[in-house]
Every structure is written in C-alpha cells, then in structure tokens.
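Here it is, the structure, as structure tokens.
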Amino acid sequence: MPDLRREVLEANLELVRKGLVLFTFGNSSGISRKKGLVVIKPSGVAYERMKPADLVVTDLGGKIVEGKLRPSSDLPTHLVLYKAFPGIGGVSHTHSEYATAWAQARRAIPCFGTTHADSFHGPVPVTVELQDTEISENYEENTGHAIVRTFRDIDYSAIPAVLVANHAPFAWGPDPLESAHNAVILEFVARMAYFTLGINAQAGAIGRSLHDKHFLRKHGRDSYYGQPKEKK
Amino acid sequence: MPDLRREVLEANLELVRKGLVLFTFGNSSGISRKKGLVVIKPSGVAYERMKPADLVVTDLGGKIVEGKLRPSSDLPTHLVLYKAFPGIGGVSHTHSEYATAWAQARRAIPCFGTTHADSFHGPVPVTVELQDTEISENYEENTGHAIVRTFRDIDYSAIPAVLVANHAPFAWGPDPLESAHNAVILEFVARMAYFTLGINAQAGAIGRSLHDKHFLRKHGRDSYYGQPKEKK
Amino acid sequence: MPDLRREVLEANLELVRKGLVLFTFGNSSGISRKKGLVVIKPSGVAYERMKPADLVVTDLGGKIVEGKLRPSSDLPTHLVLYKAFPGIGGVSHTHSEYATAWAQARRAIPCFGTTHADSFHGPVPVTVELQDTEISENYEENTGHAIVRTFRDIDYSAIPAVLVANHAPFAWGPDPLESAHNAVILEFVARMAYFTLGINAQAGAIGRSLHDKHFLRKHGRDSYYGQPKEKK
Amino acid sequence: MPDLRREVLEANLELVRKGLVLFTFGNSSGISRKKGLVVIKPSGVAYERMKPADLVVTDLGGKIVEGKLRPSSDLPTHLVLYKAFPGIGGVSHTHSEYATAWAQARRAIPCFGTTHADSFHGPVPVTVELQDTEISENYEENTGHAIVRTFRDIDYSAIPAVLVANHAPFAWGPDPLESAHNAVILEFVARMAYFTLGINAQAGAIGRSLHDKHFLRKHGRDSYYGQPKEKK
C-alpha cells in the first residue's frame, strides 16, 4: 500500500508544518477499507527522519502486517474509530495547545462564529472522564469507546473532531490529509474561542440559521464554496 | 487588466505573509472604477499556487467577465461595498484570529491607544446580527448591506474596517494592497486591545485630542508622517 | 558619521528581527555626543530597503544636517531624551505588543521576577496622560517632556525604558543597539508580566534584596555576569 | 571530554531552536560522573557563535579545569543539583515565558492533563522564596539548596523540573539533551495550563489513575511508548 503510506506520512508532516505537534506528540493514520488494513505512524519516532517505510501496517485487530517498528501507542483508539465510523478514511491525534486546553478544562467548544460553523456542524464535544477500571485495562481502546459513546447522538461526519477529557483532541476525515486538516482547523477554532471568552465571558453560540448556512455552503449537496472539481 | 490582477494577487499574498489566513480562509479584491470591473480571488484555491490568471474578473452585478474559476463565495459582499463606498479601490476579508474573536464576542474594538488612532479614526464597529431571513436568502449580499448600515453615520474612509458579528473582519482601502494592510493593522490593534483588557478590564478609550492628533498626522491635508512622495 | 549610521541601521533592524515592529511602526536613533549630532530612521520607510545613506542626521535642535528624507516624526521626542539624559547614546521606540498593551492599560509593569530585575532596577513606569494643549502643539516634544518628568525621581540609567500612556514604549541605552536590546527585553518582560497576572491576579512584586541582587550582578562595579572584556 | 562538550553545546542549541531563550538567558550543563567534572555554557556569550571549545569545564567545587571563559553565573545552582540528585546527567535553566510566569506567580503547575502526566509524575512544584540572607551571600548556591529542599519528599527522577519562585524554571534529566527536552516540555505544559485556567478557572488536576497510566506507559519497567531500542 505505497499510496496510503505516502498519504499517511503526508498527513503526519502536515501536523508538524502547521505547528500542531511538539517532538513526537501526535499521530495520523489512514485506512484501506477494501483491504481492511490501517497505516499508522510508528511510536516515538522523530518526524523529520520518518520515511514511508517506517509506517506500520496493521489489521483492524491491531496485528502488525507490515513494518519493523512498534505502531503508535494510540493505535487501539484509532481502530475503534475506524470500526465505529464507517465513513472515515483517516484519523489524526494531536496535543495542539488550545484544543488540548479545552480538553483539559473539560468544556465543549461552543460555536462562537462562522469559522467554526464552516467545519463543525455543532459544538465540538468533550468526552466524559474514563473510570479507573477503563484506565487500568485497555486504556487506549477505552479512549476510543468513550469517543464513540460521545457521538451516540451526533453525526460524526458533520462534527469530525472530539476533545478527550483531560487528554487532547482527535480529528478524522474522509482521508488522512483531511483528518489532519480538521485537526488544524480545530486548533484554529479553539484558539479563537479562547480569545472570544477573554473579550466577552458571556459570549454565546451563534444561531442555528447562520450555523447551518455556513456549514452547508461548504458541505453536502448544495455547497457552493470552492471549485466544482475539488468536491468529493 | 493585468495590472489590477497583479495588485490583487499581491494583496492576497500579503495576507498570507502576515499570518492572517489559514488555508483558503480569506480573500482580497480590487476594482477598476473606470471599467466598472472587479478582480477577486477564486474560491477555495490554495494561495501558494495562485497565479494572476487564476483571478476572476466580474462586473458589479457579479457576472464573470474573465476567468475559468468560481470567484470567492464572498464576492457579493465585496460588490455591495464597492457600490456603497465610492472612494475605495480594494477590499480584504480575513478570519484573522484576534479581530475574529472581537467579532465573535460582538464587541466594537475601543481605541485604546495611538496605534489604533494612527489608522482608525474611531472605534472599529461591529455589525448587528443578521436576521434569519437575511441569512437564508442572499446571505453574502446581506452581509454587505449590514456593513453599509453600520457605516450610516461613520466615514468609511476614516475607519476602513468593520467586524461582522459572529463572523470576521472586512477591511478596505484606496487600492487592494492598502486594504490588505488595513486588515493587518486591524489584527495588530485587535490583539493589543485584547491584551489591554487582560491587564486592565476597566481600560477606557483615549481622549479625542490624542485620537485626532495621531490620525491626522498620518492622514489628510496636514499629515506629516512618512515621505512627501509617498502621499496619495 | 558612517559608523553611527551603521549602528543606528543595525539597531533598527534588530527591532525587526526580534518581531517588535509591524510595517514602519518604530524607530531607533543614536547620538554623537562629541559632535552634538543625532542619526535617526527616516519616516515611513520600509526596513527591508533601508540603507545607511537613508538615515537622517540632525542637530539637537532638529535641524537636518545630512540626508534627503524626512526624519521620523518622533524625532522631537528622541531629542528631548538626549538633552535630558546625558548618559544615553541611543533611543528606540516601538509599538511592541505587550509593552504597548501595558501603556494602553496605563499601568506600570511591576517587577514580578528576576528577568525584569536583571535589566530594570524598579518597575517600568508609565507617564501621566498629556493635556490637550500638550497634544495640539509640539506633541512629539511634549511626549519627551512627559517622559522626563516621569524620571524626576528615577535613575534613567537603572530603568532604561518607559511606557508612554495611551501610546507605546520608549527604551534607551549607552548606544543604539543597546537601546534596541532594552526594547526587546522590555517586551519580553511585559509579556511574562501579562501571563503572571493571568495566573495570579494578586501577584506581587519581588522583594528588594532579590531585585538588587539580580540588577547588580549584571550592572555596575560589582557585576559578575558575562565575560570581563564585554563590560563597558 | 570532547563528547560531553558536544552534548552540552547541543543541549544549549536545542533551547534556542525551541524558542526557550532570548539573548543569553539560559544555560545547559552536563556531568561526567566518572571524572566528577561538569561542562557548562560560558556566561553571557551569544549562542550563534558558541563553539564546543568555549564551554567551561569545572570540578564539583566550581573550580575551572578547562576553558578560558567565565562559566555561567548559575553554575553553583547546577553543582548543588548534581551533588543532591545522583541520577541526573544534565541540567537546563531557561527563562521560558510561561514556565517563568508560573514561577513569578508562585504557583505550582497542576497536572491538568495527560501531556503533563506523560513527563511529570505530579505537579511541578515551586520553591519557597529565599530569605534575604540567602540572597546576599552565595545566592546561586542557595537557589540550588532551595530546589533540593523542595524535593525532600518528591522523587526528582519522576518530576524532572522545578519553578524557582520569582525567578524561572530549572529542568534536569539523564543527559544534557534530555534536560533540555524536559525544559521544552515544561514550557509546553505551562502554556497549556495557562490556557486551561483561562477557559475554566476552577479546572482541577486529573485523577491518580490517569496520571499514573500516562507516566508509566512512558517511563519505567512497564513502559510501552516508543521503540524498544530507544529505551534507556
């Protein structure tokens, strides 16, 4: 799967270029739905010397199929997401500063403006905290389950990111690079929401009409943003 | 209009160089008053690969006159501004972080100091929120009308920027590059105003004399800032 | 005075390199005490294309002695400082973001830690606001007088910077580059003081002993920081 | 000790690359336990022109063994740490902005999330303030003693950093580069903790289970983060 390896490497490097990761704190993955195989960043390897061949290929059970390095320790979280969200093709996890601060503050990010509405069709939710037993056993997998429970009544394709309480954000998308882009936009939105609160602690979310207008002019059947050929 | 195309491209790139845009979130345009034609950035195209030929030329009704790409979806807002503000030659729209935060907080930016006074002869106003009916139909055009209504009693040439409530800033100027510069200065002023509030939540606007002094030493008949040949 | 021209250009460029100026918002100058001549940045000229020959030489009355361009409009403020503070050889004025925010908030920067104490032997003071009559006539000169009044009971060599209320900082030093360095350190200190207040709104200034210790290990007869040959 | 000199130079440069030092405000050192010798940055020398030969070698009493320049004035603090913490091989001191702000605010950094827990097995403590007599005599050495007293009941290898009240952070690690990395991570954690407080002033520390999980998946016998060969 040389193409998917290249795409996943590119998604990981995009996180670095956009200033979302310090050292090795972050990871992108991608999935081939046809083959049922996932490509993910190796654990604890510096981005600047990462080559496509260093990426690790596993099946949906987490068994290594190709690659000599250990996969990211967050692999089980990615696998749960791929299994629960059939429409996604890539997942990105970062500790980007502002999104992580919201996760640490255990507050969902309200939709304070159209920048948020352009990419997320509702507030970006925060998971509940894990129980001690969920932490001691299969922690990374349980992190995935907590995310999935959070989206029980939310359309994961309309809000492609989450804040894991006390931890950091995960974002996803139709392919690895789009999952990275969603992580970048989430950080941008989280930063502006932080500033908004600093200017007006009582700031409220925008109305439904404006929220729908912006999300739907970029996404779905009637979208009219961008060039026709760029649509997916 | 190869010159105007180059000027508009340059204005768009200035937004990128000054860190005001993420991905494709922003657009500059310019107008030839003689020909009644507007040049604007295409929608959703990456800045790094944009060439003068990619820019779109339309008339003041929004009809495409030259160019194979879709114009920015914010074109109707630009057109309303060109029609209502006859003295302007360029418009720049960004989602720059601090100015957007003020727009999201729905607060005008008070003039806290001479940096603001140098460029804006009063607080930078915020529009009222659009009605649902203004959002569902001709949203981008109605955004322009909301801006124009905000300037009913304000001189648009003395305060060349606005915060669109829940959305983001628009700035303008005598030519495309100056509109981009005003967008940059607005962001700089918005950032310092945010910090000012953090140091002193009761900070007040500066007095009229100081405000006038700074604005008028840079603008208008008796200005004495800069070099004589640089005056317009 | 080719050497002083080079030194002043270098000081101006140091402000740019350290991120203290946007566009042309800032200026450094230097003085030859022997000749009674001042070299200053021209008004409104972009830093990237400034050459030593563009700098303007004036006498202490502000009369241009060499140079074809207008001097910085802040020249009269610089001249007042050179006349009142005989030990200084350079002056730098910026609108650096955090120091300007403190000036806009009209609050002196308390000495919250040793970084501050290393360079400023007391809080960085803020001037009183100018009267309307001081603004309408000889504004820039009166800005200088307001600074000098602020230092009536303060040693200008021990606190080489000031916040001009509603405006921005001025810094000085034994030569142009050191005045620029003091402007850089002031901004660094202003930023950390802002963060300190955000963490602990009741944070207090450090004690006299620690303040003296840090200032005096870097400055004056018994200093022991740096290399012996670097002392002045 | 050419290897240790290179390692110490590299640690110092890492502080610069990661944006932790302004001018000469910071210093890294390393120790050869076998020889009982310490290599440290010279005092007040610019990083960009520092060569391995400029570094200063001293014994544990602070006597210069090799080198023509004065060692960092903070050397006595480093020496106290090397003597009290036998497992460390490197020490880094910076005035990084957010960690310094916490030190100035005299507040320990609570563990608000897993990024913190990954590297620090508890809150990052702040020392008590030094007494006047500790400041006037052997100030730098007493700074070291204050740090050591703070760790009387804390495992220095599990929390490899401290905030010196009113001053700035010190970090350490098994070798010079790791001490620099810990200083970088401390700054990252301090910044996110600052933002967290801004979003939720009542934010609390994470639970023991999650804290242990993250620290222990990266450190100690049962760690499973990173690649096997990278373990120490």
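Just so it is clear, A, B, C and D label the chains in written order, and each chain counts residues from 1 on its own.
By definition in this document, a residue touches a chain if its C-beta (ideal position, glycine included) is under 8 Å from a C-beta of that chain, and two chains touch if they have at least 3 such contacts.
All of these numbers come straight from a predicted model, not from anything done at the bench.
Taken together, chain A and chain B share no touching chain.
Common neighbours of chain A and chain C, by the contact definition above: B, D.
In a homomeric contact, the two copies may use the same or different surfaces; for chain C and chain D, under half of the interface residue numbers are shared, pointing to different surfaces. The rotation that brings the Cα trace of chain B onto that of chain D spans 180°, given to the nearest 5. Among the other chains, C has the CA centre that is most remote from the centre of chain A. Computed centre separation for the pair chain B/chain D is 46 angstrom, with centres defined by C-alpha atoms.
Taking each chain's centre as the mean of its C-alpha atoms, chain B lies 32 Å from chain C.
Counting partner chains per residue, chain A has residues 198 touching two or more of them.
Taken pair by pair, the chains that touch are A-B, A-D, B-C, C-D. Residues 112-115, 118, 181, 184-185, 188, 191-193, 195-196, 198-200, 203, 206-207, 209-210, 213, 217, 224-228, 230 of chain C touch chain D in their complex.
Residue ranges on chain B touching chain A, taken from their complex, read 22-25, 42-45, 69-70, 73, 95, 97-98, 100-107, 129-130, 132, 135-136, 139, 166-168, 194, 197-198.
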